[in-house]
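Below you will find the structure I want to go over with you.
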């Protein structure tokens, strides 16, 4: 029964993704543009760019996820699908989890895939790249999960864009600190496995908790 | 006659601004958040932060303007005010110019006002501050004017957020290059007045051209 | 008809109230819906019919009052299994076909044994539109797709908010046929309408709503 | 009445056509509207009445056809000065009061000499609501505010898209009164309606639209 | 080593904040009152209109 | 019924709460101001200058109480919000939402006075020290709660959504604090450290404690006043308002 629901949601999201495959490029293009704009604004030969690279790439991933966050539930809210979820006998948290998963796949995963390119653009030392990718792999799902709670709370507000950002960003701080921090630590020759472990622990915890919290928030936030 | 129209538009926007004064804080808060996140992602004591500061502050202003851009005409489009402008015997370009001016005042000006604070947060050397403020003063109206054309083109599209960003960002590149570039040049002890002059020239040109182009784009973009 | 007077009503509502910003939309509502019976909720514009249905469905939190189902308490799980809701929003994804949309809703809401997606589309007059994207359907056809979802759901109580809106005469007849069939199967329905023009030809009771003072 | 048969019609339309995605919504429309006269545009749902009005107002570009005003060409400036449009969107800012909204529209659209904002609000039955925010007005009151804007505008030709929608009997009477007064002053009106229920009691002609083949 | 300017600035901010903390609800209450009165007047006018 | 329980029920009735708040808020304000005035006078004119910091350390007497309050108010807000979420008590909703602007104000004052203190002591207005960073993020959390409450039309739904955010925030605050500390300790060689007077003389302590007591009493007054305003706004259509006016 619940397996059927998960299957139906997954299939639905994948089909929608395929029909709108042009939209899936938007987050990664946005991240690219942030990186390019930063590179254009800084003195590229000073070495500061390479030092700032992990922060900027993380910032780009975070901001582009933030921009996409509004679409996590809004489309489903506006056409009434969300009401069907709320009325479904299936546990809402599971549906939310599936939705967050496909959302992460379409917004964050493409950015992770191009992160070597982003690193190259900012002259990130090659040695730091594995750390960057690992931290993004652990960190961006966390961002999506935390973001889901915020998106759920604001789903009833018509133009939530900036408010969403304001609410989400403080909650994103720990992820950013450990994520970008791990790369910085690795760059300084320190041991960064601690940061990655903490990220992994937070991820494990939120995988369980965040969908439940987001489900409660959805019931509060929708009308 | 046209003076009456300008007066009516100005008064309208100022009144709306006052009634929704909480919303006016959002762009500046967003810029602040970008700066905070960048600082949290970078090794703050390495000196790279100060070197990257002009680029980051410019990026923050640009992104927060971008986020607010969607609201430039959309509110008026959705409630039908835009139709009244299109039907008005007044030149549309003038109305657009007034709207862009108040929009700049509510989104970019607050960021310029807090830019010393943002500089302080990123440990921007005090000597560079006047240059930063000057470049923002010349550059952000340019961003608003260019953005107006893009916002006008996409006003008929329901959820234009990411698309808007993608179209606008490439157009923003020259502004950023000369804007942030002037600060970097000044920091290196080079003469930055050239960059500022180019910015000023671009601004003068777009002050005349952009409202007209945006007005044409509005007639195309609205249905 | 499978309705016995001694049996407790499918849904009974006591003292239900809801307010927005501390202004009561309605309060102290009492009514019951028995199996094999349709309750028509009537009243003018803005009187609170839609709101009532959304409160019953659990989409809005009631201020006061008690809901009982078959004489027992109504918790979230029982409510979800027992109620099917047809509201103003169609709840279809425009980029999925008619069939795919119904597959999703069967996955989420369950499917009544013995009923299938193809017969459902046939029944509501969408045969041949099965692989058309929902956003290319006209307003009336979208409504028909929602009706197909309703027919597939296993829930015994239908909450229908203005089911006749957007439909032509043929469509109105379809709604009545669906309701009749559902009541004959031992279900019940709560139907809001503006006018008296389209009461389904079944055993009905009326709930006339008025604006709270 | 200031209407003379020899005088050219206020608006005359020849061979007007409009299509969406290469499908004609209408084509080859011919009609005239004279001063002192109302033209009723009638037709079923989705037949293109709203589209026609928006084309006339210049909000949509016509595919073909020619518009002439008082026998002369119709450029943008003349059109803007001569047409007042009342569409589906109210065009008020929710965060401005009724008076402030009218001030804005007088600034943009001009004001007919001798007419004032307060009398306008009185006329449409919004006396006492002058300092209420527009978003706190009910749907019917919003419509009345749009009517006040119309009455204030100096344009001789009114394009009214379903002016009776959302209004109660009192409001329908108000619309008819406004149209009558406007025609008596030498204006003209183009009015779309669904049914025949509410034709204004003035000299009218009808334009029956049908779906393009 | 006296930093009078800094001390005065900090205390001034504190005093202003406290002042605002006192004033803001006062203004809000006055406005709520005013709006309630306006609304009452309007409701009365509407009822009168409906009766006539 | 136990009189205390009955009183609590009474307090939940809007007209009663209005009268209650109107009666007690001025008292709290008056006592709070009086105590704080004594404390500030002592702090400014009685306490001797610090041998290291000179007069600058007097900023402590406004900075530290405000810093403590900024956190305590958040906690209070979260507790009221949790009560409101679980038991749906309207008064708890109103009180929780009344906490938010007050807490935001105190947080802003903490940041401002801290910065002003930091300039002479550290030579910079701002540094990314963990304590400073978390205080800044606390301000953002407050602003998020205020913004969410303002953005939703239905007051009760707005209070529940914003209250939910407040509760989520309280769970995350320790994590934020911990993470920022970790981030900062990552790189040693920090030239600046936040050190106050480690052991204070009793004469220096008295004004601080007076200040803390005064600000608490003041806060209760501010809370009552703001809650009263919100209560009035929610009840705008009710007859008792125009009757009592």
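Here the chain labels run A, B, C, D, E and F in written order, and each chain numbers its own residues starting at 1.
We take it that contacts are C-beta pairs under 8 Å (C-beta built on N, C-alpha and C of every residue); 3 or more make two chains touch, one makes a residue touch a chain.
Every value quoted in this text rests on a predicted model; they were computed, and no experiment measured them.
Asks: Taking all residue numbers at the subunit A/subunit B interface, are over half used by both copies (same) or under half (different)?
Replies: Interface between subunit A and subunit B is built from largely the same residues.
Asks: So using the touch definition from the top, which pair is joined by more C-beta contacts, A-C or B-F?
Replies: Looking at contacts between chains, A-C has the larger number.
Asks: Find the chain most remote from subunit F, comparing centres computed as mean CA coordinates.
Replies: Result for the farthest chain: D.
Asks: Working from the CA atoms, figure out how many degrees subunit C turns to land on subunit D, in steps of 5.
Replies: That rotation is 180 degrees, given to the nearest 5.
Asks: Using mean CA coordinates as chain centres, what's the gap between subunit C and subunit E in Å?
Replies: 47
Asks: How many angstrom lie between the CA centroids of subunit E and subunit F, rounded to a whole number?
Replies: Averaging C-alpha atoms per chain gives centres 19 Å apart.
Asks: Please tell me the distance, in whole Å, between the geometric centres of subunit D and subunit E computed from their C-alpha atoms.
Replies: Taking the average C-alpha coordinate of subunit D and of subunit E, the gap between them is 43 Å.
Asks: Which residue numbers or ranges of subunit A touch two or more of the other chains?
Replies: Within subunit A, the residues that touch at least two other chains are 163, 166, 169, 173, 177, 181, 184, 188, 223.
Asks: Going by the contact rule already set, what residues in subunit E reach two or more other chains?
Replies: none
Asks: Specify, in ascending order, the residues of subunit F that touch 2 or more different other chains.
Replies: 137, 140, 143, 147, 180, 183, 186-187, 235, 237 - these are the residues of subunit F that touch more than one other chain.
Asks: Within the complex, which stretch of subunit E touches subunit D?
Replies: It is residues 38, 41-42, 45-46 of subunit E that touch subunit D.
Asks: Residues of subunit F touching subunit A in their complex?
Replies: Touch list, subunit F to subunit A: 137, 140-141, 143-144, 147-148, 151-152, 157, 160-161, 164-165, 168-169, 172, 175-176, 178-180, 182-183, 186-187.
Asks: Would you tell me which residues of subunit C are touching subunit F in their complex?
Replies: So the residues of subunit C in touch with subunit F come to 20-23.
Asks: Quick one: which bits of subunit A touch subunit C in the complex? Just the residue numbers, please.
Replies: Those in contact with subunit C are residues 1, 4-5, 7-9, 11-12, 15-16, 19-20, 78-81, 83-90, 95, 222-223.
Asks: Subunit B touches which residues of subunit D in the complex?
Replies: Its residues touching subunit B are 54, 57-60, 77, 80-81, 83-85, 87-96, 100, 103-110.
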